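By written order: A, B, C and D. Residues from 1 in each chain.
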Amino acid sequence: MSAPVSPRVLRALLPPLSLAALLIAIFWLQPRTMSYFGLNLLLNLAVPIALATIAQMFILCVNELDLSIGAFVSLVACITATWLHDAPLLGVLALAGLVAAYAGLGALIHLRNLPSIVVTLGMSFVWLGLAVLVLPTPGGAAPDYIRSLMTLKPPIVPFPIIASVVLALAVHVLLMRSAWGTVLRGAGGNPQALARAGWSILRIKMTMFALAGFFGVLSGMALVGLTTSADANIALRYTLLSIAGVILGGGEFVGGRVSPIGAVIGAVTLALAGSFLSFLRLNPDWQIGAQGAILILVLALRVLISRGEVRR
Amino acid sequence: MTATLNLLKQPWVWAWVGALGVWGATAAFTGGQGAGEVLRAALTFGAFYVIVALGQMFVVTLGPGNVDLSIPACMTLAGTVAMKTMAGAAAMIPVGLLIALGIGLVVGTVNYALIRLLRIPPIIATLSSSFIYQSAAIWWNRGLRVKPPAALADFTTAKIAGVPVIALCVAVLAVAGHVLLTRTLYGRGVVAIGQNPRAAHLAGVGVERIRAATYILSATLAGLCGYLLAGFSGGAALNMGEEYLLSSIAVVVIGGTSVAGGFANVPGLWGAALFLFLLVTMLNTFGAGAGVRMVLTGLIIIGVIVAASGTRRRT
Amino acid sequence: DTSDKRIALSNNYAGNSWRQAMLRSWEKVTGEAVEEGVVAEADAFTTAENQVTEQAAQIQNLILQGYDAIVLNAASPEGLNGAVREACDAGVVVVSFDGIVTEPCAWRIAVDFKQMGKDEVLYLADRLDGGDLLEIRGLAGVFVDDAISAGIHEGVEETGKFEIAGSVHGNWAQDVAQKAVAGILPSLPEIAAVVTQGGDGYGAAQAFKAAGRPMPIIVMGNRHDELTWWKEQKDANGYETMSVSIAPGVSTLAFWVAQQVLDGADVPKDLTVPFLRIDQENLEEALERTEPGGVANVNYTLEDAKEVIGGGAM
Amino acid sequence: MADDATPVVRLDGVEKSFGAVHALTGVTLALAPGQCLGLVGHNGAGKSTLMNVLSGNLAPDAGRIEVGGTDLTRGYAPHVALAHGVRCVYQEGSLCPNLTVAENARISHKAISGPGWRRRARALIGGRLDEIFPGHGISSDDIVGDLSIARRQMVEIARAFAETDTPARVVILDEPTSSLDSVAAGKLLAHVRRHVEGGGACVLISHLLGEILDTADRIAVMRDGGVVALDAATAFDRGKLVAAMGSVAEAAPRETAQTAAIRDHAPVVVEASPPGPDSLALTAHRGEVVGLAGLSGQGQTELLVQIFDHRPGTVVDGEVAMVAGDRQSDGVFPLWSIAENIAIGSLRQFLSGPLLDHGRARAFAEEWRGRIGIRTPDIGNPILSLSGGNQQKALFARALGSTAAIIAMDDPMRGVDVGTKQEVYAMIRAETAKGRTFLWYTTEMDELVHCDHVYVFREGAIVADLARAEMTEERVLHASFREDA
C-alpha cells in the first residue's frame, strides 16, 4: 500500500471491495451459487432492498431520516397485491397518492421545522395501520406483469444483477451527474447557501421526499413480484436495512454525502451477509448473533482499508 | 400570564399536554370510570419507559447518528442472566442487581469499542451487537422463564398511598438524570458534543471519555430496566425488550429532545412516557381495530410534534 | 430409504419460549434420527427477526445448499409462496407447520386454530351463564392471531351468552399482555372471563391482581408460568379453568412427515394435528411433564406421523 | 466618481430590528457603477445586516431598495437580487462542503445546466480563479469540504465574480480577506480595482483599514446601525476612520530588549515540531507571545492542535486553551447562549462539590462581556444573534477566562474590528505579564509586531525562526516563499 491512493478514491472503493470479499467467501462455501441459477436465487431479494435503500438515500441526502420506509413498502406491497391486481386504476391512483403524501411529508417537515425522525416514526404507524386495513390477513396476488418482470430470465446475466446495475447507474446519473441533482445534494450540504442562491428549499425537500416515495413504491411492487402475495408486516425490516445499506455504501447521516452506487452495493452486501451465514451452518443458538457479527466484520473491513485517512 | 406563556415555550410541555389530553379523552369516554386506576397503571408502565429513555436521551444528545439500538437485547440479557443467577432466592437480590448492572456495563463498553475502534456508525454498531447479546441470552437460558425472587416481585409491584413504588423510584432517578444533564461537567459535555464535537474538543471537553460514558450509561440503565421488568412481570422472556426499541426513541423525541443533538430535557421523558401508554390505552378503550388504532397512534404522535414545533428551538 | 437425505428446518423467529422449545424438540428428535441413520442431516436455521423477506432469502439459500426437504414454520402464509414455489420447482419437498403456507405444492400440518378459539368459548359457556369477556389477541396482521380470534367471535355468536367488552393485543407475551390489560381494565365493567391465545394468561392474571379486580376465568396457554399460577389458584381456592395450545413439538411431526414424503409414501397435502388441551383434571400431570420456565410439549414419533398421515387421530 | 450617474444600487431609509436590537436605523446609501464603496464600522455596527438586505436575504422593516433605477422593494428576494446582478460573498461562507468547486459554481449560476454543464462550470470557475488568484492550487473537481478555509474563500470570491447570463453588476464582499493571507488578499484587491475600472461596482467590507483606504473610491462608516460618515476615500485617513468608528487609540508593542530577556531567562513551556521535512522546532517560554506566520494553511493550525492535544513528541508544560479562528466549525456552539459559549472553557471553576453553579458561570460571562465589549443586550441571547466579530470576542473570552497557562490562537482576529483588536492586544500583554504564554497564528503582518518571537511556516514545516529584533515584513515574506519559486 505504498502507492499514494487518494482517500476519496479509497473511500469509494470500500463498498465494492466488501461486496467482492463476501461474494468470494460465498462462492467458496457453496460453489453451486456460482451459476446463473445460483446467482439468481442469491440476489433476487436484494432488488427490493436496493430500491428501498435508494429511497432512504434520498431522505438522508437532505439530512433527514426515514423510520417509516419499511412500513411504507409493506403498505405498497399490500396495495399492489390487492387494488393494483383487482382494480388497476384505483391501484395506480392509490400509489400515486402515496408518492404525493411523501412529498407532503417533506413539506410539513420543512415548513414546521419538525424532526423527521419523529414524523416518520408516527408515519410508520400510519402506514402499517393502513396496510392492516387494506389487507387484514396476508394474501392477495401479484399482478402478472410484475410477476413476469421479476422472474425474467434474460440470457447470460441474471435479472437481479441487471436490475441492480441499471438502478445504480440511473440514480447516479440523476443525482450525482446532472445539474439538477447537484442542486438537490447541495441542499444537504448547506441549505442556507442554496437559499441564498435563490433556490427554494421547500421545493427541494418535497422533490427528495417524492423521489423517496417513488422508489419506495417500486420497492413494494418488486417485492410482491417476488413473493407473489403480500402481508402487512412484510417489509418492516427494510427500515433498518435501508439505513444500514446507505451507510455501508459510504453515505453519511448529515451533510448531503451519499452515493447511489454505494447504496445499491451496500444493500446487496447486506442481503448477501445473511446468505453467507446460512452457508456456514451454525448452531441455531448463535445464528442470530452471527448476523450481528457479520455486519460488524464487513464494517470493520472498512476501517482496515481506510486506516490513516485524514481530514483536509 | 407571562408565566403561562413561558411554560408553553418549554419544549417538554407538549408531551404533558398530550398525555393529559388522551387521559381526559379516555376518562370522558368511560364517564370518568377508572380514570385514577388508568393513571396508576400509566405511572407503573411509564416508569419502565423512562428508565431506558433516560439513557437513550443522553445518547441521542451526542449528535446526529447517535442512537442505541441495543437496549432491547441488553434488557433481555440482563434480565435473563440475573433471574437465572438469583434462581428465586431472596438473598441473591443484590447480587442479581449487580449482575444486571454489570452486564449493562459490559454491553456499553462493547458498543463504544465498536464505535470507536472499528469506527462503525453507532446506529449500525448497536444494531449489530444487539444480535450478539440476544444470542447470548438464548444460549444462556434457552428461553426458559425463571421466576424472580418473591421479594423482588413484591417490590416492583408495591404501592405507597396508591402510588406505585417503582414510579417513585424512577421519579428520583429522573431528578438525578436532570441534575446530571444540567449541573455536571459530564452533562454539559454531552450537550456541547452534540452541537459541535470538534469545537467541544477544542474547548477542552473530553470528547471520547464522555461518549464512552454515555453509551455505558445507556446500557447500564437498560440492564436495570431489564432487571426490574423481569421482576415485575414474573420472569425474563427473550422478547421482553422488543417493545422498547422504538418506544425509547419515541419517548426521547416526543419529550422534546433534539434528534439533531445538543439539546435535551428530562421532564419531557415522563410526559412522553405517560402519553405513549395512555394513547394506547385510550385507543384500546375506544375499541378501535388494530388498523385504525395504529393509524390514529401515528397521527396523534405527529399532531403533538406539530403542536410542539412552535416552541422548539431551531436547529 | 432416506438415509442419504438431508432435511432442513427453516424457522422465522426464535425469540420466545415456545420457539425455543420447538427448536429443542427438533434437536432432540432429529438428532436421534440422524444417529440411527434414518436421514443423513437435519439442520435447523433460524432468522433474526420475524420477517418474511429474510426467511424467503433463507429458503432460497437452502435450495442452493441442495437440501432434499425443507420443514418450514413460516413468517407468513402467503408471503413466502414465491420462495416455496422456487423450492418445489427445484425438486425440494416443503412441509409447513404451525405457520403454514398456502402454496399448493407444499404440505401443511395445520392446527385448527379457529376451532381452538371456539373451544375456549364453548368451555366458558358450560361454566357461566353469561357476562362480559376480555379478549387478548396475538400479533396484529399474523394469520394465527386472526384465526384464533375468528373462532372466539364465532363461539360468542353461536352461544349468544357473552359480550366482548374489550380487546387488546398481547403479542403472545406475558409482559405485553400485562401492560395492555392494565391499561384497559379500569374502563371495563366486571369481566367474567378472559379469552386468550396462549403465552399471555399469566400476564393477564398479574394485571387483574394489580388492579385489585375479582379474578375472572382466564383461559390459559401452555407456558409453565401459566400452568403454575393456575395450580396455585386451584390449590388455594379451587380456581377452575382450561388451557389450549399447540405443542411446540409439532416441528418433529413435520420432520417425520417430510421423511415419509422423501421415502415415497403417499401423503395428502393437508394434515391436521390436534391442539394440546389441558383440563382441571390433568393439570398436575401436565405440569409434571413441563420443565420449569418452559412450555408444555409433546414430541412426536414416526408412528405418530404415520397415524396422522393415515388419517387416524392420535 | 461622479455622484450624478444613475446608481446601480440605492438603499433608502432601510431599517431592521431583531427583537430589541435595532441593527439598522434608517440607512441611505447609493452605489455608482465603476465604484468601490468601502464599508467600515465596529463589530455589530450593522454592515452584514445591510448587505443581507441588499442581497435579498433579509426583508427590511422599512425603506426602499432600488437596483438599476427600478424600485424592487416589494417581493425582493435572493433570486431577484441575483437576476439583477447583485452578488454577495458572505462573511460566514456559503459553499456546499459536499460538492466540488465546479458544482458549487452551478449552485449560484442557474444558467449552467443541460448537457455539458459540468465542463462549462469547470471552465467558468477555473477561469475566474486563475484570473483572480493565479497559482491558487485548487482543482475544479476538489470537494469543497476538503479545502482549507482560505481556499474556500477564494472559491467563493471567484464564484461571485463569475458571469453567465447575468452580469456581476454589484459584488458585495463581506470581510473577504479575513481568512486570506496578505498575498492572496493583495491579489483580490487588485482584482476589485480591475472590476470597478471595467465599470462594475463593489462593496468592500473590512476591518483592515489599510485595505479600505487603498482600494475603495468612497467610504461609508457605520456605527450602531446608521451611516455616520460618507465621503470620498481620499477624504479619510486611518486616524479619521478610527475616530468616526468611535474606536480607541492603538496599543504599543513591547520593547525589543524586554522580549529578548524573556527568551534568555523564562523557562520553556512548549517545544514542538511540525511534521514537515527539515522543519525547525518551535519553542515558547513562559510569558512570551510566539507568532506563527507564513501564508495561510501551511501547517500552523495543525501545529496548534498538536500542542493542544499534547501529542507525543511535543513538550507542553501546562494546560492549553484554544481560540478558534474558523469559528463555525471549530468554535461556536450554535444552540447555546453567549454566556454558555463563554463558560464552557472554564466549567471547573464553577463547581461547588460535584455540581455546577450556574449563577457563578453567568456572572463570569457577564464580567467578560464587559471586559471584552461584546455587543448584546443580554448574554442569555443565542450566540448566533451576535455579529461575526462579536462571536469571535466570545471565543476570546472563553480562552482568556480559562485557567490555561498557554493560549493557542488560530488566526483569531478574523472579523474583529480595530477598536477591539487594540483592546485584545493590550489584554494579551497584560496576560503575559501574569506569566501566560501565547501561541499566535496570524495572517496579518501588522499583528506580528505584537509577537516576541516569530516562526515562519511553509508547506508544513517551520522554515524561519525570527527574534523580535530581526523580524521585518520583508524577511517574513521572503521565508514564506520557496527560494526556487
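For the reader, a short list of remarks on this structure follows.
The rule is short, and it goes like this: a contact is a pair of C-beta atoms (placed from the backbone, for glycine too) under 8 Å apart; a residue touches a chain by one contact, two chains touch by 3 or more.
From a predicted model like this one, the values you see are computed outputs, not experimental measurements.
The fewest steps needed to get from chain C to chain D, moving only between touching chains, is 2.
Of all chains in the assembly, those touching chain A and also chain C are B.
Between A-B and B-D, more C-beta contact pairs are found at A-B.
Comparing mean CA positions across the assembly, the chain most remote from chain D is C. Averaged Cα coordinates give chain A a centre that lies 29 Å from the centre of chain B.
Once the centre of each chain is set as its mean CA position, chain A and chain D turn out to be 43 Å apart. The mean-CA centres of chain B and chain C are about 32 angstrom from one another, to the nearest whole unit.
Contacts with at least two other chains are made by residues 131, 134, 138, 142, 258, 290, 294, 315 of chain B. The multi-chain contact residues of chain D, meaning those touching 2 or more other chains, do not exist; every residue touches at most one other chain.
Residue positions of chain C with contacts to 2 or more other chains are 14, 48, 140-141. The complete set of chain-chain contacts reads A-B, A-C, A-D, B-C, B-D.
By the touch rule above, chain A contacts chain D in their complex via residues 8, 177, 179-180, 182-183, 185-186, 188-190, 192-199, 255-257, 311-312. Partner chain D is touched in their complex by these residues of chain B: 179, 182-185, 188, 191-192, 195-196, 198-200, 202-205, 258, 262-263, 313, 315. On chain D, the positions that touch chain A within their shared complex are 55, 57, 77-79, 81-83, 88, 90, 94-99, 103-104, 106-108, 110, 112-114, 117-118, 143, 145-148. Remark: chain C residues 14-17, 19-21, 24, 48, 137, 140-141, 166-169, 171, 173-176, 178-180, 182-188, 202-203, 206, 210-211, 223-225, 291-294 touch chain B in the complex.
Taken together, the chain B residues at the contact with chain A in this complex read 64-65, 69, 114, 117-121, 123-125, 127-136, 138-139, 142, 246, 249-250, 253-254, 258-260, 290-302, 305-306, 309, 312, 314-315.
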